[in-house]
């Protein structure tokens, strides 16, 4: 049937990302790149290297999913229109006199609009990745989840890896692994949901799910940006899940594990500094153990 | 003909790895992972990251050989049965109350049994890798050797690389390259032997070779575990080989090379600390050279 | 028509690289490897690892282009003749008594001849890479440029990456990215030119272009080796280009960007130490920002 709701969601799920949403995605990614200390200096000193970094920031998720599926990581270079778009935005952002773009981007409404549109592209990437992975592995639902996750949130991994090679050694990059960012958590959740929908385990049509998930993404992102909180929404959900899966051992677990039990019990997301501290402690321990 | 010996080896070479030997392999790999400092804390703080690390430890060799042959590194995720098996073992090992598994694993007989069965899987992996590589490159015997080696002993390389990305920076990881572990040495030897057998340069049937090589692997591994020595068996073999190939120059070689000649003359394996010390010296030298 | 000039260039463009030019390429690459501190010691201590490093130095560009096109990185191992050639040269260079090869190589004419022949192989690699990439992506000229570049000058990236994994951590490796070496600059230029020729945007026959570009490469390389300058020829070209593309903003750019503007205005290549210093400053800045 064609209720107005179905018509709306169907029309929404058919909107093309190309001109405007991609621009928003490139704009947000490249502004985040420019915020990195030294990025502007690199752009002035060696534009070629800066351009490569910009491309990695714009197309990192696609590159990672290509690597994971053994496809040419350079495929994104064959899409000349998007490359031209991203390159021109990179050029404008980094070499515009008086930093006009940064000036304009510093207004909150612009940031909200761009971030919201970027979140929309995330849904499309997840769905595209799952469909793509399904063309390789029929009912390989684990592969579908990972590919959808990689294409949706793999950019950070690629850029961290690139900075590791470049020599900007930052041990904070392990935080990306030890404690997933809110974006990667939400993308993983969406990838799981869309995979279940794709394998017909969820009785909901794809365009409805895309609409609802996008609404969820945009609203949470904008609320997070307005109420400058890093990660709020998933903490209770994580708590229940971690309690359900790993919590019941905590009564039995020996006292020496109690210390690690605390952070996971009061929310994986809400304690950012502690895990890193622990990890560095562990690294220290290891090094001392190795050296002695 | 079907002598009892042939029947035995044939039956042995047809045993399936799936339920029990794979379990032993996962058990040994994951216990080694849990022994790493900080691994248990990571499992409590971020189960997803710990699960990925566990999968890398269980399927690292296959992933590496997939990468080297440009196949999807995620293929191992399509084999749901093994993933489920490894995941459940990971769950039991890391989240079992009172650490019952670690308690039971701490008994020497259990460790010996598990380690012996893990060595059996090594033979199967080498043979599988060589057959797989041969399907790509007819008489590309170098590729066959490398793929057999990668699938048999590539797990350590993958896990070292993963720790490097994660930010656990440990310069000891170069030891894995500078001085190969006993496992990688023995796997390389087996890969060479099985490749020669596969290219009909060795007049021995494959099931006999598999039986003998497995016996050799298991016995050496168990003797090494009982007589807690790290590497014994190959030292004389290496000596003769290194003398044969590189030794004859040592009479002529100039005095400044004499210093490096010493360790290789008394066994590559038997001097673990010296190479690292030298290497770090070299690194220091390089850095000073670069800076001045 | 067949003017003598055309005959000459056609005959030149048909010369096979195999026996002699490849030998020169392996010789130059492996001598550069031996010059690295600690390389000789590694060769004596662990020949297998040293052999792998040597292969990476000899075939790095091909490996990188294979990875970028999702082809088996091990394909170069299937070409047994070149492997045998490179291995024997590696053996002679590293294990020849009295270092006879290094002695002979220390004469300037020998170095000039070998370096000149190595530059000839660079042209062949670029053309081969572009033709290969074109077989994948019709009129994907960006991919063609990158593949030609990777095959021509990707060896340094592969070897840097290998040293990074091995644990020889050298922050100078970022210089390879921040400030491209002269070789990579010239290879990028050639890759662009040959791609335009291949897409019929340059009205010059391929064999003429190959001849002229090779002459340019060899002459600049030899002049650079004689007048021990690191990079001279491209500085003015880069200046004009960077002025044309990014220079016009420098009048408008705010005073705080003036500081970064200076180095790019007086030649990207001619200030080697400054970028690194800046970068390390930036890294420091980042770390302080992160920690506070």
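Just so it is clear, A, B and C label the chains in written order, and each chain counts residues from 1 on its own.
To be clear about the criterion, contacts are C-beta pairs under 8 Å (C-beta built on N, C-alpha and C of every residue); 3 or more make two chains touch, one makes a residue touch a chain.
Heads up on the chains, UniProt names are A, B, C = Fukutin.
These numbers were taken from a predicted model, which means no experiment stands behind them.
Of all residue numbers seen at the chain B-chain C contact, under half occur in both copies; the interface is built from largely non-matching residues. With rounding to the nearest 5, the Cα superposition of chain A on chain C corresponds to a rotation angle of 120 degrees. Chain geometry summary: the mean Cα position of chain B and that of chain C are 34 Å apart.
For chain B, residues touching at least two other chains, in rising order: 70, 164, 169, 172. Remark: chain C residues 36-38, 40-42, 44-49, 66, 70-74, 77-78, 80, 83, 95-99, 164-170, 172 touch chain B in the complex.
Interface of chain C with chain A (complex): residues 67-70, 136-137, 140, 142-143, 146-147, 160-161, 164, 169, 171-174, 177-180, 188, 242, 245-246, 249, 252-254, 257, 260-261, 263-264, 268, 275, 278-279, 281-283, 285-287, 289-290.
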